[in-house]
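Handing you a structure now.
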Amino acid sequence: MSLALIAALPFLGALLPGLMIRAGRNACAMTTGFVTALALLMLGLHAPAVLRGEVIQTRIEWLPGLGLNANFFLDGLGLLFAGLILGIGLLIILYARFYLSKSDPMGQFYTYLMLFQGAMVGIVLSDNILLLLVFWELTSLSSFLLIGYWKHLPEGRQGARMALTVTGAGGLAMIAGMLILGNIAGSYDLTVILQNKEAIQASEWYLPALILILLGAFTKSAQFPFHFWLPHAMAAPTPVSAYLHSATMVKAGLFLMARMWPVLAGTPEWFYIVATTGLVTMVLAAKIALFKDDLKALLAFSTVSHLGLITMLLGFGTKAAATVAMFHIINHATFKAALFMSAGIVDHEAHTRDIKRLGGLRHLMPVTFAIALIASLSMAGIPPLNGFLSKEMMLEETAHTVWAGSHWLMPVLATLGALFSVAYSFRFLAHTFLGPVRDDYPHKPHDPGFGMWAAPALLAALVVIIGLVPMTAAGWLVDAAAGAVTGEPVAAKIKHWHGLGSPALWMSVLAVGGGLMLLASHARLDAIWNATPRPEAKRIFDGIVEPLAALARRVTAISHDGSLTRYLAIATVTITALGYYAWATADHGTGTRALTPIQTVPAIGWFLLVVSSLALVAFHRNRLLTLVLVGVIGLMVSVGFAYMSAPDLALTQISVEVATVILLLLALNFLPKTTPVESSGGRKLRDGLIAAFGGTGVGVLIYALMTRDFAFPSIAEYHLANSYKEGGGTNVVNVILVDFRGYDTFGEITVLGIGAIVIYALTEALLRGGPANDRLLAWSPDQRRAGDRHPLMLVVATRLMLPVALIVGVYIFLRGHNMPGGGFIAGLVVAIALVMQYMASGFAWTQARQKIDYHALIGAGVLIAAATGIGAWFNGVPFLTSDFGYVNIWPLEEFELATAALFDLGVFLTVLGAVMLALASLSRIAIRAGETINVDAFDIHPENDGPRTEPATTTTEAR
Amino acid sequence: MELLVASAIGVMTAVGIYLILRQRTFPVIVGLAMLSYAVNVFIFASGRIKIGFPPILNKYAETSYTDPLTQALVLTAIVISFGMTAVIVMMALGSFLETGDDRIDMTDKTDGEDA
Amino acid sequence: MMSHWIIAPVVLPAVMGAFIVLTMRHDLLLQRVFSIAATGALAVISLALLWAASVNPPEVYRLGNWPAPFGIVLMLDRLSAVMVALTAFLALAVQIYSASTGWDTRGRHFHALWQFQLMGVCGAFLTADAFNLFVFFEVLLIASYGLMIHSGGRDRLRAGVQYVAYNLVGSTLFLFALATIYSITGTLNMADIAGKVAALPEQDWAMIRVGAILLILVFAIKGALVPMQFWLPATYANAPGPVAALFAVMTKVGAYAMIRTGTLMFPPATPATGTFLSDLILIAALLTLAVGAIGVLGARSLGWLVAFAAIASMGTLFVAISQFTPEATAAALYYTLHSTLAAAILFLVADLVADRRAHLRLTEALPPIARSGLIAALFFAGAIAMAGMPPLSGFLGKLMILDATRGDSMALIWSVILATSLITIVGLSRAGSVLFWKAHASTPEEPAETKDEPLSFAAVFLLIAGLVALTVFAGPVMGWMEATAANLHDPSSYIGANALVEVGK
Amino acid sequence: MIAEILISALLVMAGIFGLVGSFGLLKLPDLMTRLHAPTKATTVGVGGVLIASMAYFLIFEGKLSWHELLITLFLLLTAPITANFIAKAHIHREMTARDLPVTGTERDWATLMPSDEPVQPVMNRVDEPPRQVSDH
Amino acid sequence: MTMFLRRLFPHPYLTLLLFVVWMLLVNQFKIGSLLMALILAIAIPLLTAPYWPDRPRLRSLPAIVGYVLIVLYDIVKSNFIVAGIVLFKKNEDLRPAWFTVPLDLKTPEAITVLAGTITLTPGTLTADMSGDGHVLLIHCLHAPDPDSVRDEIKSRYEARLKRIFE
Amino acid sequence: MTDLGLLDWALTFAFACFGVGLLFNLYRIARAPAVPDRILALDTMVINVIALLVLYGIRTGSGINFEAAMLFAMTGFVSTVAYAKFILRGDIIE
């Protein structure tokens, strides 16, 4: 449990700074530091056991189904890294307290820092590679926040994004690699995987897994060719740079390579990939560092170079090299963190990090100079400092390493790297601190307060101590860590003097001498460097990402350009093509069902239907004519239903068709009356082909279906058999609608009701104000209008027809259960009758004479239908279970008292309310468009003169 | 009859598809209406065609009936598509009133950039 | 028969919707109180159903007391229960958000439509009847039309027309598919169809394949599967924020239906249809992932970005679905929960930003907004969830999906998923940096105007809490999902519950 | 037998008149004259069929069906209105006061009376800068 | 009492008509049907009364029946004449004509019946009405002598209607 | 259908007349100088369809489609008036 707690502490601690900042900056920093110190303390309590060679484990089940568990373990490697992370973390917290200015949100900073710290500790303590991945990605995220901490700096934002992109990509690759690894080992637990070296290295998936995992490690550790993001991450505040880019995050990659070393290392693939990458990175980055004028950039490339060095050592795959790697990790962490902090102090005091504007600070900032002196000499590998020790050992290792048959390549290049290292180290020191004091610093520098230099000073002290007494100060830790990496006991022998026969000595001498010479000629080389065109990382990165983003933008904009016609064309083609594909890839025997003979009059009806449909294509620009043709088609479809034994369908289709046409006419009043010619000939041809393709498919499909029998008896047979007996009606269609499948009908009327309230709400939105309302207010008809709004003959005829139609509606409603009809058709009939009244005397005139609220009709309709269904619950039977009986309340008509009839009443009311509410909404739009309201039923009254109207505002608008 | 019905469905579908590929709301709506005619007849026909046997039970005669279930399904489908048509008609009108044109494509403004 | 509670998720919102229309359409406060209370009750009921489904085998509810397959039946199994619960909780949080931000005042009938929307979604999840599924698709669609254009406005209406038109084509397609399937099998009950399809004589295979593919295409439209995804970005980007957040569950209706169809009616083992559906779904899913991720990178406004992220998440989800193995289905179900909440969070965050901004363009920066830090944090949470980064459940979901997709196409699937993850991360980080960081470059001072709607933030936090819970309790949740997937891939109990029994009427 | 002849005669007559109605639609030269034709289809044509139907059901099926009578009445009631509206539409679209006889009263024919609203070009040609609406 | 009756039967003739229509619809003569017919025949006119203000008083039932018979006879007779014109007269020989019928009738209902009659009797067609409602515009399919047609309309139909309605 | 030869013949004749009538109507819908002509043709078409429905009822001896015929009459009228009113006024329920 306690290991999990160590990992969790920083996360818990991340909650505090945001809170504690209210108590002041000191309190905030102290709380943060306290949490870190606590974690460090807990780690320290485990240290003795670990140093004895024990492995401490904590297992918590999290997602066992996947094999992802919160399992932690602590061994020497973990101890080394966790110690570095927490220890340097503590120093960084201290340093940051003084580094951050008053305007920087410190709470935020510490929160991010703690998140990051937690993620790092998590990585190094994970005993489950999936868990490790979780923490791995968390470091990417939290470092993204830290690098972008100064939001106002574009470099910060870009650097953060670049870091996230590169390390994120590596992380994703690593996910794949880890999953493969776990799959080979049969577990995602590290301790299990680490015991499966043979299985893993023998697997055909070894190389892919290796590459994928190394992608993760290399990107994180800024190895060539992924080194470019690190310098740009330097836009972060210096504490961040010091922490992330010296001690921790970039070392996560190294940690991972070390962690996986037992199972992945030792193969030629490993050697050539890892060692070569490390070597190239070391030399290349060191060379670049030499020419960087920004102190932090110089240190950044130096870091890359040193990471390359360690990577190379790990790549060698030998126990000795791995041991050196561990030692250098410690050394690098100490001197590089100190250097970053020094650079931060310089920046903080002089207000510049540009090496060309500095120099002579030795006199102004003696303390800082002392720290920087120690640290940079160590970086240069000058004895007796710790950097010298590990560099010497590294050179020694290279001297024994054969690369592709060449004995000299490794040592020569390593010496070259060391040479550059000496050069940039001295340059850092000399050009910043040595030389005469200048009078043109942006800000007059002097040493900061103790708080700020305490941390680097402590690190510098460590540099010296480890350098002087390496075995005492660090040997035990190196042994423990290297032992964990190699899986064998290690007893490192760290010495200053290996004798004159040691090749490392001469390589070292060469490096120092060459380095100094290089520095001497730096000015000239710098000129050449600046004159040489070379790839610039940021530009390359931008050159990749920006065009990709632009491409993505273009692709998205072109593919999702808002052209519904194209979307629909794609959809139609896809549907049809897949339909044909499905059809063509399986058996379809010929249908054996006897065909129904064709009679003449139905054939004529077919002809009318087909011709009108085709005419629709030809004439669709004339919108009124379109509606007339739709009328013909609707008529033919309805009568076709009637002919083909579907009287209910005929009734429904024709009434719906009329209601639809009326709606369309109402809308068309405001719409353009013609459709302009917009499609090219090719476009029409294309659409025609798509249409023909789709139409043919549908036709063929239904023909194939109609000419064969059901493969299994249809459930409709049950409906026919039980409609009267169990459903109490002879019109089976109606019984299905209100009983067998009454639930469908319940949904269906709800759809209608919703449709109506959608229309109502939309109307409200349109009339509320805004362009639509303005357009309506400014609206005037686009066609000449006849003088007679409410022709007398229609008004009079309607007075008679309305009652007749209503009684027909009642009739159709009541008979529905047994004969064609029912609530839905009745609702439409009544609605159409009311529409007739509207057409005759106008909407408002009619509306003023009735008190029904259409909203209420809809609500009541749905509620009645629902209540009918719920009523069944009280009988202990399911929703919508009907009950019926023929009731003969003398002397009334024998009628059926079925709950289904009540349900049908709900249907009736909803339909009526929905249609009327929709029409009413359209009328309100017309009224807003300046429609006046007539006082009389008709305009021309033979007994008085002329039409009388009033503006709409004086009358209640439609509900 | 099967051939007539199938071809009629095919033609209505084709016309519907052609019209939904037009660039103004009105023909698209008409095209959708055509598609819904077509699919209604399609559902109906999927119950097979029987002339002269409406699904109204006749107590006095031993007779066969046409498939009542598909008819009920068509009824539901008709009603639903009516509701849908009403909504889209209104929305098309609203869109026309808001924007001043009845194009269905939004290509003039490729990205819904505004809040 | 356990109880009538199975139908409560349909009847309760239906009655509440109608009740609001009937009695309280003039009083917003009443609407809010009743509507939110109803959604809360729905959430409670859904928990009860979830529990019942966990301990009982699939349970049938015979509407009208008609025996299956002749009447319509509802089926409560683990899958439908969890989907209903997801819907209820999402709806509750988002509804609180809507009321708190005043979205429900910006147009009429918001709450009634909201209830009807819930009715439709729950109905679709619960029904075991193919045609009834269509009906409830229509219920949820027409309510969604109303919600999508809630409060009107130029772009919203134009996008709305497109949304409706596209979906009307989908509805038509649905009917074609159903008629085809009925015409072969003679039944509409999904369990019954399953049995019939499995035993189908060979000469009818072509037809049932056509029916199946048409049906799958309908669900592809709903689930925004390429190339049927085009409707989604403009719709979601233009819909009111909370509505878009609720719509996060609508795409899942497509996914749900695909899972149900693919495991029950046309499982890969069925000779008539074979693996051709799953093969197609996989290809489309990979393309969807690509389109979504590219869209995230290329989006010019926050709304579009989130919409494309939603598409990408559907791609991931469908990759898992297309495997039709218990492991992958379990992962898909987990990811369904996750991606619904994640998308909803991002849509709400986008709305919070929109509420404080003149526009949501990502091509230019605007001054910082009120509560920028908090909103940025919420965005960050939503973004890492959406991108599938740790520590939130998206990472776990993605790991599970990767882990479950082992087969011939593993390398392809993994490459696509991981590559699109990267693209998504890049896109989201660019967007976040423009929205919340770049703002500080133009004007350093904090904006004066601050609106305080603590409840709206609370709603977002509630959703994030959901993600956290999914993460922390990933083990039990996944265990539950594995059991669910096992039931789905062995539908005998589902089919058995639908077996013909004589019902005393 | 007599009934059969009677019904048959009715049907034949109805058919002829129905056809004449539709034929008139083809043959006659302009809308106003064509408008006269369907009245025949309506009255004697459909009326004949409906009465034949009533007679048929009464005589051969033994049940008196009144629905046909209702349909007939309805058609008779609506036909003049329909004709009136189509004529008005025609006058509105195609004719001016000069084409028609004068009313002889102070007012013009109702259709031709000036309407209250001015006529403007179609709306989408109005160049009105679209105003941005936002919910926020 | 009269007031009550008038309120119960705002349109007695309409009530009668609806009663008959219901009976025709249900197509069966039972007590129950009669009762239902009565209920509906009373309820529906009450419901729709607001849409029919100022109902005309009809004077005599026999006159109405007489008028209907005359019109039916005229319809059949003139149908044959017009069918002949359509079938056998060349379009060039056709003499279509517009003419006006000044009205003595003032009641809208009466005017409507007259206009309908004119349209139903083939050969003539009510196309429009003057803006004050005092003149009908008639189109004649083939009228070598429009004046005689006008006179016949006035004497044969309008005069009778005047007796019925006013 | 009873086996009455004469009635059968008369029915067929009537069917043919109204069927041909439909074709005439279609021609007028397709080829017409203006929309009112087409409205007229559609109106006539409805009437012919009603006649055909009733004839079909006689042929099958069933009154099942009478309601349909009644509704056709009603809707035919309403839609004709609506079309004409649209031409006259634009707004059909002003």
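When the chains are written out, they are named A, B, C, D, E and F in that same order, and each has its own residue count from 1.
Heads up, the rule we're going with is that a residue touches a chain if its C-beta (ideal position, glycine included) is under 8 Å from a C-beta of that chain, and two chains touch if they have at least 3 such contacts.
Which protein is which chain? UniProt says A = Monovalent cation/H+ antiporter subunit A; B = Na+/H+ antiporter subunit C; D = Na+/H+ antiporter subunit G; E = Na+/H+ antiporter subunit E.
For clarity, every value in this text was computed on a predicted model and none was experimentally measured.
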Partner chains that subunit A and subunit E have in common: D
Most widely separated chain from subunit C, with each centre as the mean of CA atoms: E
Between the pairs B-F and A-C, the one where more C-beta pairs touch: A-C
Gap in Å, rounded to a whole number, between the CA centres of subunit F and subunit D: 11
Subunit C-subunit E separation of Cα centroids, rounded to whole Å: 62
Subunit A and subunit B: spacing of chain centres that average the CA atoms, whole Å: 37
Gap in Å, rounded to a whole number, between the CA centres of subunit F and subunit C: 49
Interface hub residues of subunit E, defined as touching at least two other chains: 21, 25, 115-116, 126, 128-132, 134
Residue list for subunit A, restricted to those that touch at least two other chains: 557, 560, 562, 564, 568, 572, 627, 643, 647, 668, 670, 672, 698, 705-706, 710, 714-716, 719, 740-741, 744, 748, 751, 754-755, 758, 762, 765-766, 770-772, 775, 781-783, 785-788, 791, 793-794, 797, 800, 804, 808, 819-820, 922, 940, 946
Residues of subunit C engaged with two or more neighbouring chains: 131, 135, 138, 142, 145-146, 149, 151-154, 162, 165, 169, 176, 179-180, 182-183, 188, 233-234, 299-300, 304, 354-355, 357-358
Subunit B partner contacts - residues on subunit F that touch it in the complex: 60, 62, 64
List of subunit C residues in touch with subunit B within their complex: 131, 135, 138, 141-142, 145-146, 149, 152-155, 157-162, 164-165, 168-169, 171-172, 175-176, 178-180, 182-183, 188, 233-234, 237-238, 299-301, 303-304, 353-355, 357-361
Touching residues on subunit A, where the partner in the complex is subunit E: 787-788, 791-793, 795-800, 802-804, 806-808, 810-811, 837, 841, 846, 849-850, 888, 890-894, 937-938, 940-943, 945-946
Residues on subunit D engaged by subunit A in the complex (per definition of touch): 74, 77-78, 80-81, 84-85, 88, 92, 107-108, 110-124, 126, 128, 130-131, 133
Residue ranges of subunit B touching subunit C (in the complex, touch as defined): 20, 25, 28-29, 32, 35-36, 38-40, 42-43, 45-48, 69-70, 73, 76-77, 80-81, 83-84, 87-88, 91-92, 94-95, 98-99, 104, 106, 109, 111-115
